[in-house]
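Scrolling down, you'll hit the structures one after another.
Both of the next two complexes hold chain A, though its partner changes from chain B to chain C.
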Partner chain A sequence: MSFADQFAFRDRLEGIERKGTLIGIALVTPAVALVLVTIVYPFLNAVQISFTDLGTGQFVGLEHYQWLVSHDGFWTFTWYSIVWTVGNIVLQGAFGIGIALLLHEKFFGRDAIRTVMLVPFVVPTAVTAITWRWLFNSSYGPLNYWAVEFGVLSGAVNPLTETSYALATVTLVNVWRWTPLVALVVFAVLQTIPQEEYEAARVEGAGLLQEFYHVTVPHLQGSLTILGLLGVLLTFNIFDMVWLLTEGGPVGVTTTLPVFIYDIAFNLQNIGRGTAVSVVLFLMLVAFVVAYFQQEEFKGGTFG
Partner chain B sequence: MSANYTTRRRAVTGLRFGLLAVALVVFLFPFYWMFKTSVEPTDAVYGDVGLLPGGFTFTHYEQAFSVGFHESVINSLIVAIGTTVLTTVVALIGAFSILRYRYPGRGGAAKLVLLTYMFPHVALIVPVFYLAAQVGLLSSPIMLIAMHTMLALPFCMWILMAFLEDIPRELEEAALVEGASELGAFARITVPLSYPGIIAAGTFAFIMSWGEYMFAFVLMRESASHTVPVALHQLLGAYAIDWGLLAAVSIIATVPVLALFWLMAKYLGEGIAKGTGVV
Partner chain C sequence: MTKIELDHVTKEYGSLVAVDDIAIEFTEGAYTMILGPSGCGKSTTLRMIAGLETPTRGDVLIDGEVVTDQPPRHRNLSMVFQSLALWNHKSVRENMGFGLQMEGVDKEERNARIEEIAAVLQIEDKLDQPPSELSGGQQQRVALGRSLVRKPEVILLDEPLSSLDEKLRLEMRTELARIQQELGTTFVHVTHNQEDAMTIADEILLLNEGEVQQFGPSLDLYHEPDNEFVADFIGSPSINLFDANIVENGAVRLDAGGISLDLPERHRDQYLSVPRSDVRVGVRPESMYLGDDGESGWPAFSATVDVVETFGDYNWYYLQSDLEESLVSQSANVNVMNSLSRGDEVTVRVNPESVHLFDPKSGEAYF
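== the complex of A and B ==
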């Protein structure tokens, strides 16, 4: 490179520094603007509406919130949300880790299985919900037919319409949808464990269970704490699967807080109360995140 | 010990394949059943629980046409393609800006966009509906495309940042030396080199938008504006549910994303691995 070229290059680089600020800001502006328009503004607006009577436009203070805490349903639905979230996380974690372990050792066709397993996640939730409603159908669905045929059940039952089974069933269908994704993420983490550690364990005569506890588990812990946090946040907010399977019924036993928000704001057409529940749900999750990061594991760790 | 150990390992291998086979059946059987129902004559839909279709017919697919399901397919295509293009462009230039330039507020902008996936989106349905009603964008694809882009943006930006980081800076700088403008170097060097990332991000955005139900349900109030998931749910609410029809429209709703997923699985896999940073 000639001296002149180098000079020009330096000039160019300095040019980047100078013009860079403006170009850089211009290029990131659409992304920031989008977040402001679709999240920040609507949510701040929601906070404002939650203190307002939309009919008269008057400030009503904590009225909507007072209604909320004195409403028995709110506490019940919060409880359903917790049951739904914990059930989902525990089962997805157990099945996801299990499947990831099954995939851990290399074999012919493993990549194909990994791809195929993502299908439940790619298919629209509405299709998944309709499919399970059809499978559970008490008159014509195959699951009931076989359950009766093989003597598991004495009569056909649609678990989505039974008050004692509906929440568990909705949870299971959601577990079915998310487990493959959990499995593939855990699988990816497993792949980062050095093979030598397994070999060393084997040389020392470790069995499969000991291998799992002494090699696999320590490597998984960090990722699982993060996955668990994200899982709770995502699951707690799921509206579509529950709504599409049961619309919150029968008699409200699958009404989680997201369904409750929809019910109040759209079916009962009370926007003020609907936004109040939205704000409370947001605060619950903020509280959860703060509490989560207070855990011992995070103290002095990478996230502390 | 060694022989015993080998036998045990073999038994474990057998168990492994057995359990994986069960898992695959559990994950795929529901879709097979839906396909079977969609091609069966109506009397078989309501009478036959055999594993193979009890006859073969296209009636339910023709019926999907006659109830106007294709209109929702067109609506969904508009929204999903709009979302894909918008997300990919916004995420690509945003990722480029954050990785290549220094300016005040850069870190804040990156965090604001990348952390939105932790925000409880359901808390937005009421205010976003209210906002759309105020500005006259209810039942318009514009508001829905904006919401879908917001949903896809953080992950797509993660993916693209991971791909852009792998492009040697020297290549861009060489173009600048040869007299290209900065945006010219971006368009001619950076964009072509990051195409696997662009494909992964676009595929993700399309699949997400095609299947998204919550915002579509809340915003697309008029039946002429319904996207596929909303139209599916409408058919479910009909007075007498026609399961043959529902199965056919479910298959129609699934085929586009499944085909796209199949074609792009390689890119998507690489993108997910890079974007989540675990591999």
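== the complex of A and C ==
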């Protein structure tokens, strides 16, 4: 190859590279445009609104933020949101894994149960909420009727209207709704674990618990990490289930941040303040995601 | 040293009999191969010894003690799995130390034992990597190492060589034999490969359709097969088998496909005990001599060379004759190897000492 040839060759390579870059840009443009229009623009708009009094159209600076920081309710509701989210994730994880382990054993009717199990997940949230409200109702709900009938309770109690039980009850209903998804995912992963890995552990002296800890858990870790991430983000943002069950009550004990935002923005008609809470909620989740990605699983770790 | 015994063990899966009434005593400290074609029940047999399957009937005994219902961890044995079953979320060191960890051995001693075995297996520098980063042969060593570290009395191996390429398989095969001899541990190794079994086993248990075909020192199976299945399964290329009639009891002459094979007087009494006139005759390729080879008094017939396979120090000859089946002959005779090629007529002599006769119905060897 002469020098001239080499240069020509390099030019051609660069040409190909330039062309490749152009194609690349062309391919991501629609996605980027979509994100800009549907996420970035509304978000920036929201940030702008959070600095504005929408009634007068005046720029009010940090006024809305000052309000929320000094508002006791905001910190309480943030705490409720955390309790709600952690409770959901922990319980869904525990029940989901438990159910998946049971389903992994072969027994009569297993396939039927696996199908029926998905019902809570398939039923629309509104139907779920109404059904549970009816079940818990103190005057005509069957749960109270049975509880009183069989002497478990002395009088009818609707846990959705009791300040000490409401948040736990709402959490449990949501757990009931989402656990099937966790169970299904875990069940699918369980089926990919080679039987011989369990047998090797058994031959080397492991008991059932040790098999679970040394073989099952490491195989589940990857999926559980992703489920945990999605679960936290989805659960923290859930509005419909809580609103339909309790509307945030009684006396605000089930008011999570999304419910709070709805209340301020649409009931109290203060869009500016509502938007400020939204922006804070968004930042909290971003902070969570950033922290979450510091885990080993996301660092292309050596084992896995 | 530990003795494993199978006391009339049967394993049924529904109506399928996977293992049918096996009664065997494995020799202590020996390298035993359980051999047989796919689906013969060899893996099931191994898994019953391991305690991963429970026999439908019969008992597994280790050192005279019935362990049929004991879990694997009470049997002081270890197992190398076909898929190796290494845990990729653990390092090689953690994989190998797992058994000791389960026994509650402290970390320091664990590491000492792991490093000792890793040195034997030449994987000392791989200990802190996950198994998935190792080559196939190294992973094989890790799996073996995991079994060896605990120093169990018995090591069970389920087709451990089948996932390796040919060269590595031969290497690991030799190494398994070496390690077994060094440690004196009882090895029970399942394989479908008769060559692996013949080359390194002290004794072979040959199974077919869940039944014991023959159990004994490997050369016994080669030279004194109990039945036609054993004769056919052991040896590669397979033994030559053909239908024959005993036409003349007094002189014992086999009339096979128009070819007469006079068999020697020495075995006459035995032949005379053969109750039927039709028999199956088996002759190993190396007992079929070509051209001037063999002794002139041996029964001879002529054949045509069909295919020659060259191996350097010996050749295989596939021959056409008046017999129904084509025959294989092995020759290491330089004169024969240089002179014979496809289409040549050649005289075939059979060493009568190494002729096997089988009952055509049951396949049982007559002697």
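Note that in this section the second predicted complex is superposed on the first by the 248 of 304 C-alpha atoms of A that agree within 3 Å, B and C clash if a C-alpha of one lies under 4 Å from a C-alpha of the other, contacts with A are read in each partner's own complex, and residues count from 1 in each chain.
Quick note on the criterion: contacts are C-beta pairs under 8 Å (C-beta built on N, C-alpha and C of every residue); 3 or more make two chains touch, one makes a residue touch a chain.
Just so it is clear, the structure is predicted and the values come from calculations on it, not from any experiment.
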| item | value |
| --- | --- |
| A:Thr131 touches, of chain B and chain C: first, second, both or neither? | first |
| Of chain B and chain C, the chain that contacts the larger number of chain A residues | B |
| Which of chain B and chain C A:Leu167 touches, first, second, both or neither | neither |
| Touched partner set for A:Val119, first chain B, second chain C, both or neither | first |
| Touching partner for A:Val32 - first (chain B), second (chain C), both, neither | first |
| Chain B versus chain C as contact partner of A:Val253, first or second or both or neither | neither |
| Touched partner set for A:Val203, first chain B, second chain C, both or neither | second |
| Which superposed partner A:Pro194 touches (first chain B, second chain C, both, neither) | second |
| Chain B and chain C footprints on chain A, overlapping residues | 205, 207 |
| Residues on chain C engaged by chain A in the complex (per definition of touch) | 50-52, 71-73, 77-79, 81-83, 85-91, 98-99, 102-103, 129-130, 146, 150 |
| Chain A to chain B touching residues, read off their complex | 5, 8-9, 12-13, 15-17, 19-21, 23-28, 30-32, 34-35, 37-39, 41-43, 45-46, 49, 98-99, 102-103, 105, 107, 113-120, 122-128, 130-135, 137, 139-140, 142, 145-146, 176, 180, 184-185, 188-189, 191-192, 205, 207-208, 223, 230, 233, 236-240, 243-244, 257-258, 261-262, 265-266, 271, 274-275, 278-279, 281-282, 285, 289 |
| In the complex, chain A residues that touch chain C | 194, 196-197, 199-207, 210, 214-215, 218-219, 221, 302-304 |
| Complex contact set, residues of chain B against chain A | 1, 8, 12-13, 16-17, 19-20, 23-24, 26-28, 30-31, 33-34, 37, 45-47, 49, 89-91, 93-94, 96-98, 100-106, 109, 112-113, 116, 118-131, 146-147, 149-150, 153, 157, 173, 176-177, 182-183, 207, 210-211, 213-214, 217-218, 228-230, 232-233, 236, 243, 246-247, 250, 253-254, 257-258, 261, 265, 269, 272-273, 276, 278-279 |
